[in-house]
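Letters A, B, C and D name the chains as they come in the text, with residue numbers starting at 1 for each one.
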Amino acid sequence: MSNTIGKLFTFTSFGESHGVGIGGIVDGCPAGVELDEAFVQQELDRRKPGQSKIATPRKEDDKVEFLSGIFEGRTTGTPIAFVIWNQNQHSKDYDHLKEVYRPSHADYTYEQKYGVRDHRGGGRSSARETASRVVAGAIAKLVLRKLGVGITAFTSQVGPIRMTAGIQEARLDAVEDNIVRCPEAETAQQMIDYISELKKNGDSTGGTISCVIKGVPAGWGEPIFDKLQARLAFAMLSINASHGFDYGAGFDGVAMKGSQMNDPFTAVGGKVSTTTNHSGGIQGGISNGQDIYFRVLFKPVATISQKQSTITTGMEATELQARGRHDPCVLPRAVPIVEAMAAITLLDLYLSQSNPI
Amino acid sequence: MSNTIGKLFTFTSFGESHGVGIGGIVDGCPAGVELDEAFVQQELDRRKPGQSKIATPRKEDDKVEFLSGIFEGRTTGTPIAFVIWNQNQHSKDYDHLKEVYRPSHADYTYEQKYGVRDHRGGGRSSARETASRVVAGAIAKLVLRKLGVGITAFTSQVGPIRMTAGIQEARLDAVEDNIVRCPEAETAQQMIDYISELKKNGDSTGGTISCVIKGVPAGWGEPIFDKLQARLAFAMLSINASHGFDYGAGFDGVAMKGSQMNDPFTAVGGKVSTTTNHSGGIQGGISNGQDIYFRVLFKPVATISQKQSTITTGMEATELQARGRHDPCVLPRAVPIVEAMAAITLLDLYLSQSNPI
Amino acid sequence: MSNTIGKLFTFTSFGESHGVGIGGIVDGCPAGVELDEAFVQQELDRRKPGQSKIATPRKEDDKVEFLSGIFEGRTTGTPIAFVIWNQNQHSKDYDHLKEVYRPSHADYTYEQKYGVRDHRGGGRSSARETASRVVAGAIAKLVLRKLGVGITAFTSQVGPIRMTAGIQEARLDAVEDNIVRCPEAETAQQMIDYISELKKNGDSTGGTISCVIKGVPAGWGEPIFDKLQARLAFAMLSINASHGFDYGAGFDGVAMKGSQMNDPFTAVGGKVSTTTNHSGGIQGGISNGQDIYFRVLFKPVATISQKQSTITTGMEATELQARGRHDPCVLPRAVPIVEAMAAITLLDLYLSQSNPI
Amino acid sequence: MSNTIGKLFTFTSFGESHGVGIGGIVDGCPAGVELDEAFVQQELDRRKPGQSKIATPRKEDDKVEFLSGIFEGRTTGTPIAFVIWNQNQHSKDYDHLKEVYRPSHADYTYEQKYGVRDHRGGGRSSARETASRVVAGAIAKLVLRKLGVGITAFTSQVGPIRMTAGIQEARLDAVEDNIVRCPEAETAQQMIDYISELKKNGDSTGGTISCVIKGVPAGWGEPIFDKLQARLAFAMLSINASHGFDYGAGFDGVAMKGSQMNDPFTAVGGKVSTTTNHSGGIQGGISNGQDIYFRVLFKPVATISQKQSTITTGMEATELQARGRHDPCVLPRAVPIVEAMAAITLLDLYLSQSNPI
């Protein structure tokens, strides 16, 4: 198990879907930062289940409770522990899964690895764990905000339905205007319709979330291995159900030639920039001062209501039909998770730079 | 700087393109492994420049010299240091770059970050560094081979030209049959023609490398953060010029529904497998015993012979025309690098598993 | 801040003396271990305040509450989070310390480092934090017990009063026979009398705790840097008020010659041992199968009831007289802390060994 | 194996006593530091064998060769690799040790741990490895010098002969005045006589090295675990033959009462200091701006020329008489090693502080 991420700004996560609670410890947060609890809760609310008609009907009023590291409303430089108590679990819903491996879930691999498995709601492998990431990410965002860095993610594709604008053209202020968190109103409606249709059929879908980061100066990222894009990819691929990552022109630009891909430098008023930004704001693993942007691929939710073939833990063939309450599409709720993991990664890289000599 | 990768099996890299040499230290290699130097050299030769008409004409007979950690032909459990001496550098070729930022190279970001920059051949940011990775990866491969694990990468797309077969259908034994390392003879020829044409025009191209890993048993990967796919993505995105990663069905499968994506379990003769493998051999961040497969996106080589707009270090607009010897397409030479990084990652995850109690 | 210790078996600690609670996350604990909560609580009870007439009269019934990582009484391989809620704090007792730096406490250094300080009971720098270490150590002990490893610490010196027997001759089964945790009855009584006298005078004392570890086979410890003794020293010097560490013959043996210090090897019945054990069970940073033993020095408790000269945060000279409830000697309560840190260290080194190839 | 030390300023060591060479990689060194190679060599010369009549007669002109990380005489922020080639090895001297375990050496434990052992000169476990530490430490010293930090170690005790002055009174400018590196001329002569006598008898001795660090401002050290004293203890106990560590008043002050030990704060001219410094410059794991001082215990050299009882690898009783060239007392040569490890530790802690927000 490796439940800590980061080097100087670290986050250690704990908790199971149907245990006492989930939470974590943020270590290395600079002292003296005002910890705006309302902002943290607001971020959690963007992730919480039951927030719209296209999400799971589970009601979990995820309230974060801080246990340490804050004194008179400010961080003290000591570890910030927090817990989100579990409630509203229907553990009985999962009794039938005790002896069955759900297809494309982590049931089988956890049992193979650990010899034991908390079958209730997926236990540790449940995406419920990502609520803790959102809390840690919100803390990181509060620090990054002071550094002038802003992070905005949005749903850019759901199944076959994709935004018409490219990432760089997206209207970042329109992300929260609809329940699917896509900044194009018309595309958003198509996505919602598509998801609703799938929900009716007991099926699910995946898609892509795009993310734009503004305000990072040139110099963040630690080559050779801890390149900015490598650390972002690591963080994104650690999110449940994520299956891919690209930045800058990305897979869509695979056929571009060097003469098209290269970003010419220009200097206006003593400020260096590039006339295009196919590099996604990163060159040689280090931010170049332009917007950083990337995309994360999510596979369809593995839990569907249709009947599926699988086997029992005793290796007998069986059929499975999910009875839990689940999302037909996680993307709208994954938007704040992508932002959180980006924030955790960026702040750690900022802090990991050598102090000046 | 963060030039060490891994937790128990670690690799620390050093060296600049036009310095004394490059190399590294492999720490945590199990003792008693026969260190087949011929195999290591053979892997290096797959990466070396000048190996074909579509590669850079630079001649670097990269010979690895081991400095420690081996006794009577076997590893001793102590750190294995090695060096590849630099030779055949034409540092003068780079004099004109001392005061110019090459577009989409790391010149500007290194100078911003460190305040100083070795301009000769890109210094530390040069892809020459990856030769050291190939050595470390070859050592990891020797260990993995004893565990029954085999890793094969190949060029699956060059610019607009893509293999017709999917990754899982690729003929892994045909990869080395042509200079572009694509296991489809006809596609390979098209790729070669395309690259040759670009070379003539002083342009460059990117593409994708796919990788298949066979023989990993269920249980490798350390959630929540050190998931197998997260660690693979991290390793791949740390390679020069890489811009994306996906595994399993990947971006191509973005429109699949859950009912299509899910891999049904089956058990034949007491052995669990899945009837499809859209998960790419990984579920919940842990290997499930099926083939692991993923794809890495590479952008076009930034160095092109066409004239480009850029600025000087003094922020004056200027034009640049590369005179160094460079590849129009790095993919054929990047195939062993992808394999090496996969090997380093897998062996570290294997060793990082808890010892049995 | 660096509140995580360990590499594969890690413990991350949180909490302030007068905050909501203290606790931590144990990550990397092998799965399938029966988590004997009664044993954990019993270890905590050995550390708790108010347990005897020579300890602080503070009453803190430190009850541990587990939040994750346990299913049906066994560890699952996932992170084990726990909390000990704070209670019985008399924060008002510390109001007069808000603007004063207590001599030889961490008030001044924390304020210099973080710019902010939770003055209540020392905040994060309070030894209350060590209760969490005892919980993590108890978990490690449960695992080590399965490996046949036993750890016993005891008070070997209090101020000028020292045990007559050497560490290796100590009666380990007699440690819990008296409130000072010294296995020599007569010496123990002298220590108790000495501490009682100091308490009357509002003064305090330090001393040494010795520790014996039995059952570690040859092979634990990871040179060159993570030598067994280096990791033990690191763990011990991280305990509040500890000021020194030695192992084997230690400082007492500083005048021994090589011909006296060396431990001759012998082999009886195919089992290798040494006829003496001045090496303390460690050679070249690796356990040699003999008993491991070491000593930890603790300075006197900094909080005393006598009047002391110091300065205010405004740099005015002032006098300070402690009013909080404190121990005249921490050693009896530090015995389980030394054992805990030894257990955490040993289990991590055991797990960090390479898996067999 | 764990051959890397540090978090942001890291040093990875390699090499065996009788292999090709020893060396390492320093990563995380700030860019732009003038790398004074003469100074590095001078530090190495303080450690080299054969430098005086009381040291081993082995002649090793340890010359360091830098392979990377330096451009035009300055560090570039990239990894600094270096090698010291082995020469003058008399490997034949060790042939008789192939099948014998030397008492209190690492022969037995390495063989138990790794199943294989380079018997020539102790292989990896040889103190020759510490030459690499001196190089890394010299680099750290060059950086610390710019921060106003100076580190001076000296031999404070050899066998029963101890300096009359306390650490804080030692004349730091007199350390290099004699071959034993003790700043009291008369005591130094007694030590030299004592060592010479032992040499004649084929015996050896240990002792203590003390170290004083000046110029560290308040605020270095990362509680709870990475306390300044814990990291120093870790670094010191990783040195070959070291058996103990204490700081401040240390073991000698074990009988001090709290009222004697506590260091009263005082403020003169707006500058905070303490009227005594029993804390050794560290409170709560963080430097307080006073001098940091500590002591390291070294056991006698295990290699002696007297006949010793031991066993063969086949577990037969045998007698051993060393024929290699060895030191009767390592302390004079260990002085620069202690300084080096202190420098590496301090610089890493300095850099590991959070960047300001």
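Annotations
Going forward, a residue touches a chain if its C-beta (ideal position, glycine included) is under 8 Å from a C-beta of that chain, and two chains touch if they have at least 3 such contacts.
These figures come from a predicted structure and were not determined experimentally.
Counting C-beta pairs in contact, the pair that comes out ahead of the other among A-D and B-D is B-D.
Two copies of one chain, chain C and chain D, form a contact in which over half of the residue numbers belong to both partners. Distance between chain centres (mean CA atoms), chain C to chain D: 26 Å.
Look at where the CA atoms of chain A average out and do the same for chain D: the two points lie 46 Å apart.
One inter-chain figure worth recording: chain B and chain D are separated by 39 Å, centre to centre, where each centre is the mean of the chain's CA atoms.
Looking at chain C, residues 1-4, 7, 13, 28, 32, 77, 113, 124, 352-353 sit in touch with two or more other chains. Chain A makes touch with chain D in their complex at residues 7-8, 28, 30, 32-33, 77, 143, 146-147, 350-357. Residues 1-4, 10, 12-16, 19-25, 27-28, 31-32, 65-69, 71, 74, 76-81, 83, 113-118, 123-124 of chain A touch chain C in their complex.
Only residues 1-5, 7, 13, 101, 103-106, 108-110, 112-113, 124-125, 129, 157, 159-160, 198, 203-208, 218-219, 221-227, 229-238, 242-251, 253-267, 270, 272, 274-275, 278-280, 283-289, 297, 299-304, 306, 308-311, 315-317, 352-353 of chain A touch chain B when the two sit together in their complex.
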